[in-house]
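Below are two complexes that have chain A in common, paired first with chain B and then with chain C.
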Partner chain A sequence: MNRLETRGVLLFLALAALAPLVITDQFFIHVMVMVFFYAILASSLNLTVGFVGELSLGHAAFLGIGAYASAILSTEYGLPALACIPVAGLLAALAGLVIGLITLHLEGHFFVLITLAFAEVLRLIVNNWIEVTRGPLGFSSIPPPRLSIGGHVLMDFSSRVQFYYLALAVLAVTIGVVLLYAQSAFRVGAVAVRENRRLAKAVGIDPFRQALLTFVIGAFLAGMAGSFYAHYITFVGPEVFGFSFMVTMLMMVALGGKGTVLGPLLGALLIGVALEYLRFINEIRLSVFGILLILVTMYLPQGAIGLLAWRRMRKAGIVKVSAVTR
Partner chain B sequence: MLETALQFILNGIVTGCFYALVAVGLTLVFGMMGVVNFAQGEFFVLGGMLAYVATVQLGLPFYAAIPAVLAIMWVVGMVVDYVLLRPMRDAHMLSTAMVTIGLSIFLLNTMLLVFGAEPKNILSGFSSKPIFMGGLLITQSRLFTIVISVVAIIAVHLLIAKTRVGRAMRAVFQQKEAAALVGIPIDRIYRFTFALGTTLAALSGILLGSVFVASLSTAELTTVKAFVVVILGGMGSFAGAIVGGLLLGLVESLWGGFVSTGYMDVIGFALVIVLLLFRPRGLFGMAEARER
Partner chain C sequence: MPALLAIDNVTRMFGGVVAARDIAFELQRGEIVSLIGPNGAGKTTLFNIITGFVKPSSGRVHFDGADITNLKPQQVAQRGIVRTFQITNVFSGLTVGENLRAAQYLRLTGPFWRTMLGLSDARDRQEAADRDAAELLRVVGLEHLRDETARNLAYGQLRLLEIAIGLAASPKILLLDEPAAGLNSEESARLVELLRWLCRERGITLLLVEHDMSVVMSVSDRIVVMNFGQKIAEGVPEVVKQDRRVIEAYLGASLDEDDGAANGMNADA
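And then the complex of A and B:
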């Protein structure tokens, strides 16, 4: 974590907090709400993909669990939406613990495939377990959040701007968690495992525990994102478990720069804006995404943030190639 | 009761043939090149779509369409390997996986643009009149599928076991540095293997399309199921992929027939998750699990 990055993150948050004061365009506000939602997701995925170095293709499962938990708790049990968000996060974390305990013993390819299998199993269960999940119909008219003190309603989330700040608040919590993680001894352990598993074990780091805790934190954050999504979109169906969310988050992490704090935010901003403003090329959008993912992986493995860092280093006259090979 | 069970077993064998062909391609590419090909399901669907173009739009007879489509898919495999995989030979496994994921997204959505979302019929020219074998019934196209699959699997086995290319493939599989040292052009062996895997997936797609329909919506599930088969059979194991494919086909068919069709697709995943809980190295113990 360098100073450039901390400043970048703070700048991002400050600009985001001030933006609605200047720009009141409703569509812009909506786009930014989605960008924040994606930024939470991408940051949470990045914990496992970027810091531990394992490719999880099942991350959409935690998004889905969070979204469904929130949908069921608020429509069937009347739990207030603002309470749903942390509860959904905890439920997703619990699922993350179970899935992580099973999958994280597996290496590389196995881990990739089994996490994907878990997401598929959950999607199929949600599609078929109609008594609880309402099957393919999903949940509609999920109530919006409401903030009141002593019967006095402070915020009723009837306007988009209030959702904007709610999303920004969840994103700020996410960034806080990720920053804490990135500066902890824990992350050093995770990176040590990523770079050289055997050496890390030799100095007393337990790779499994490192990976599991990271995985569970990521699940928690993704669950909160899912809950927010449920209340903002007001509809949740089995597609939240689908591969397209997974692909979008993965793109954001890859394009922004994996293993950094700022990278997923940048990726979410670039792709989130492109997604919403390029609706008119909706049809070829995903084809372009596919090509973009290939090109970024082959020619820009460090993502956009790698490009920035590299230019800075070149300006400072430091020619250093080996440190950025991963 | 017994006849119903036998009928489900027969249906399971047909489905198992589709799985086995796709999985053999996947496992060869993985074992030889260490590449997890996430686009295998898209190659499978592309085969079916091209067969639709050949038989319906161009009016080619089915027996001529099959080799034509396979030849095209062979070239597709060579090009993909040359353009996308060759530059990534020394890259980390995750990077290569991301490239094949990108390819799968590109192929699926481009096919959606070109062919549309609705399922396509392939004109195979077989009559739909079933053949009765004792109390069991099988359609001509299903019988054809079983025969072609068996022929293809035996052909690939002979190719690997008896030919010069096959010997080179086995050498690369065992030790690629040593293979390169004795003068085997490993880059060309890789390209050959990948093209072979692509073609086998396409063959499976053509056969499935002639029995049912060719549909884009099957691509993702096919990839994931092929992975399930490969894990069941042990990564990189040729025989394992065939056994695993037939096993998955049978279990799905019996489960769907006797228990519930809704959860049919879950069975494979459940099987793999349970298997990995107890045997993290896969059914045949071929692959390495993470050292604790």
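And then the complex of A and C:
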């Protein structure tokens, strides 16, 4: 973490908090809600991909678990939506613990494949366990959140702006957790494992525990994102476990800059806005992103944030790029 | 006083090849012991066994009275046995300062919430660790390179950084695998000074694998000699260098290949 990044993050949050005062266009508000939702997902994925350096293709599973937990708890058990969000996060974290205990003994390609398999298995279960998940029909009319004190309704989430601030609040919590993590010794351990697993072991760092801890935190955050999604879109079906969410958040992490706090936010902003505003060229939209992902991986491995840091350092006469942006 | 580290009849086979056969020796607190022998004698295998990277086929390793034979590498390190690697091994993408920080991981972390929230004791730990890291960098002479990315360092500097990483993990025993390899004579002399200082001022017990005989002879309290996976001699430098089997092992090796160690051995003997 450097000062540039902390300032960037604070600037992002401040601008986001003020934007609805200036721009009232409903479509813009919707786009930004989706950007915040994606920013939570990308930030949570980045913990494992960026800091530990293991590529998880099963992260959408935690999104899905959070979304379904929220859908079932609110429609069948009447749990208030605002309570669903943390509960969904905890359930996803629990799933993360179980999946992590099984998968994190593997690394590299094997880890990539087994996480992908886990997400697919969960999707199939959700699709077929009709008594619990209602199968392909999914859950519709998921109730919106309500915020009331002593019977007096403060927010009923009948307008998009209220969802906007709810999404921003969950994002702020996410960023808070990620910042704490990035400044703690846990990041030091994770990065050590990423840089040199054998040496990390030789100085007493347990790669498995390090990865598991990070993985579970990421699952918690993704679960909250899933819960928010359920209440905002009001419909949850098996596609929340699908590969398209996975590709989208991965692209955001890669384009923004993995292993940084600000990078996933930038990635979510750039791609989230493009995704929504480019709906009119729906057919080629994803192809364009695919090509973009190839180009970024080849020519800008540190993402947009790497570009920023590099320009700044070049201005200051320092050519080397520190590990913070790597 | 019981030995700090005891290797009890350790054997390791790789398929049909015996990499180490019935090796037994002990390390006392505060000693500097060198493990020497021609290439392929089993020295690095023994390092791997002590530090948990390889399990012995038979035999035990005891540290401070406890059996550590079946511990994982990180558990061995957590108990206080830290090693460096033969082929230079640092966190090459991190700065010199970050390298030491990573090695200090164990003492930087506490319970989950206290570590995550950076509470006061976490901050105290961090400050103490920072002071210690600064001292280590001064000792190895890399303090001016603290913010340099490790991959930009010169070879000799990397070897010193490796030792500093090992030390930052607060070891009771530090195992150094060929620390003088590739160093020029000036750097080697400095290394010898450093190793003596570590032993004297920090009370660290050292086990080295080393081919540079001038380093071995000047720094070691005792020497263990291996050949073809077996221990062939053990004792103080003066005795070992006149041991017939040792001289034969080295001369034999030097007939097959030009082994710098053998030449060094002769020059000293």
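In this section, the second predicted complex is superposed on the first by the 320 of 326 C-alpha atoms of A that agree within 3 Å, B and C clash if a C-alpha of one lies under 4 Å from a C-alpha of the other, contacts with A are read in each partner's own complex, and residues count from 1 in each chain.
We take it that a contact is a pair of C-beta atoms (placed from the backbone, for glycine too) under 8 Å apart; a residue touches a chain by one contact, two chains touch by 3 or more.
Here the structure is a predicted model, which means the values were calculated and not measured.
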item: Touched partner set for A:A274, first chain B, second chain C, both or neither; value: neither
item: Which of chain B and chain C A:A17 touches, first, second, both or neither; value: neither
item: Touched chain A residues, chain B compared with chain C; value: B
item: First (chain B), second (chain C), both or neither touched by A:F243; value: first
item: First (chain B), second (chain C), both or neither touched by A:L199; value: second
item: First (chain B), second (chain C), both or neither touched by A:F289; value: first
item: Contacts of A:V188 with chain B and chain C, given as first, second, both or neither; value: second
item: Partner chain in contact with A:V173 - chain B first, chain C second, else both or neither; value: neither
item: Touched partner set for A:I233, first chain B, second chain C, both or neither; value: neither
item: Which of chain B and chain C A:L79 touches, first, second, both or neither; value: neither
item: Residues of chain A contacting chain B in one complex and chain C in the other; value: 207, 326
item: Complex contact set, residues of chain B against chain A; value: 30, 36, 84, 87-88, 92-95, 97-99, 101-110, 113, 220-221, 224, 227-228, 231, 235, 262-263, 265-266, 269-270, 272-273, 276-277, 280, 287-292
item: Complex interface listing, chain A residues touching chain C; value: 180-181, 183-186, 188-189, 191-192, 195-196, 198-207, 213, 320-323, 326
item: Chain B-touching residues of chain A, taken from the complex the two chains share; value: 49, 53, 55, 102, 104-110, 112-114, 116-118, 120-121, 124-125, 127-128, 197, 207-208, 243, 247, 250, 254, 283-287, 289-294, 297-298, 301, 326
item: Chain A-touching residues of chain C, taken from the complex the two chains share; value: 51, 53, 72-75, 77-78, 82-85, 89-95, 98, 101-103, 105-106, 108-109, 112, 115-118, 122, 126, 147-149, 152, 165-166, 168-169
